[in-house]
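Take a look at the structures listed below.
Shared chain: subunit A. Partners: subunit B in the first complex, subunit C in the second.
Presenting the complex of A and B:
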């Protein structure tokens, strides 16, 4: 069972390397943004596997926190790409 | 050109309460598990930041009509009062008291005055974060 978890951790690291290549080489900014979002998801799964390896349940809150932060970061950056400003002063004007 | 953000706004209306409840949980779980006032305050600031992203600064100011500098001052006042309160009973500064109480609905629970100090930290973090975000994001 532990071998299975280590193998999946190594697979996650390899796919993180592939996404790093997309962040480095992405032709447009949305490519890099989506790659960063997917790296956040991979960090979540790596944290879950590390929680199994270390045999602790204290990492569960870290998982939720990384998910929330990745969501807020992606939303704010895509709003910056779309509109050029992140927080508007008055939308109904 | 008016943009149509109905998906973002509807998602925000659901996700905001999830993040807010999670921050409250992390705030109260700080004594026995990871968490505490600082992370809880940062998560509440993140939830309010999500509201600011989906709606605009004026709407959020109308929904939450606080001056967040006053929230910072209130948090510092709570922390100072809870740490200075034992000096009235000939105890050193920052002495905390705790005890087991039988609450009506929650059953037997252990209450600690460090939670009140943590509430001060929480209010300071929320107030400082929201002041920075509103000051930088507004009035360009």
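Presenting the complex of A and C:
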């Protein structure tokens, strides 16, 4: 059982490495944004597997935090790419 | 009982790991930013949901700990991850990333051009 969890963790870390190649080489900015969002979601999976490996319940609370932070980062980055600003000043447009 | 629980955990976690690896292959090999967004948003969502379900089953069946936070994380990821994919694809289209030459037809192009013309006026 533990061997299976270790193998899954190593496979997920290897796929994060493959996504880092797309972050490094991606031809446009939204390519890098998509790869970074996928890396954030894979970090959640790795945290869930580490919670089984270390046999603790306290890593589970980290999962929800990382999910919220990754979503906020994705939304603000894509809004910046789309409009050039994140928080707009004049609201009557 | 433990054997059934371990089988369920192994099946769900291996499905999740398989989908994560497929995500990596899709993002590395597909030709276009839109197809890459398609690969990223769907299969990472299903992969992480499956892995979190496996961890939830492990804590519930093997250790007797019903984790509400994992269920909340599953629901939150299931809602927000497609929204993130939609926003990234929209940002890529409006900022003008070119499509691959395999694309046939683009019905959004006239609508976006019309909206830009109306915004400038």
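As a working rule, the second predicted complex is superposed on the first by the 91 of 93 C-alpha atoms of A that agree within 3 Å, B and C clash if a C-alpha of one lies under 4 Å from a C-alpha of the other, contacts with A are read in each partner's own complex, and residues count from 1 in each chain.
One rule holds for everything that comes next: a residue touches a chain if its C-beta (ideal position, glycine included) is under 8 Å from a C-beta of that chain, and two chains touch if they have at least 3 such contacts.
Since the structure is predicted, the reported quantities are computational estimates derived from the model, not experimental observations.
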Open item on the list: Just checking: does A:79 make contact with subunit B only, subunit C only, both, or neither of them? Give me first, second, both or neither.
Closed with: both
TODO: Please name the chain, subunit B or subunit C, that touches the greater number of residues in subunit A.
DONE: C
Open item on the list: So in the superposed three-chain picture, is A:87 touching just subunit B, just subunit C, both, or none of them (first/second/both/neither)?
Closed with: first
- [ ] Check the residue A:69 against both partner chains and state whether it touches subunit B (first), subunit C (second), both, or neither.
- [x] first
- [ ] Answer with first, second, both or neither: which of subunit B and subunit C does A:15 touch in the superposed model?
- [x] second
- [ ] Once the structures are superposed on A, label A:58 by its partner contacts, choosing first (subunit B), second (subunit C), both or neither.
- [x] first
- [ ] In the overlay, answer first, second, both or neither for which of subunit B and subunit C A:33 touches.
- [x] second
- [ ] Show which residues of subunit A both subunit B and subunit C reach, each in its own complex.
- [x] 61, 64, 68, 71, 75, 79, 82
- [ ] Within their complex, state which residues of subunit B touch subunit A.
- [x] 3, 8, 15, 19, 22, 26, 29, 33-35, 39, 43, 46, 49-50, 52-59, 133, 137-140
- [ ] Sort out for me which residues of subunit A touch subunit C in the complex.
- [x] 1, 4-5, 8, 11-12, 14-16, 18-19, 21-22, 28-31, 33-35, 37-38, 41-42, 44-45, 48-49, 51-52, 57, 60-61, 63-64, 67-68, 70-71, 74-75, 78-79, 81-82
Open item on the list: Which residues of subunit C touch subunit A once you look at their complex with the stated criterion?
Closed with: 6, 9-10, 13-14, 16-17, 20-21, 23-25, 27-28, 33, 36-37, 40, 44-45, 47-48, 51-52, 55, 58-59, 65, 67, 69-70, 72-73, 76-77, 80-81, 83-85, 87-92, 94-95, 97
Task: Residue numbers on subunit A that touch subunit B, as the complex places them - done: 58, 61-62, 64-65, 68-69, 71-72, 75-76, 79, 82-83, 86-92
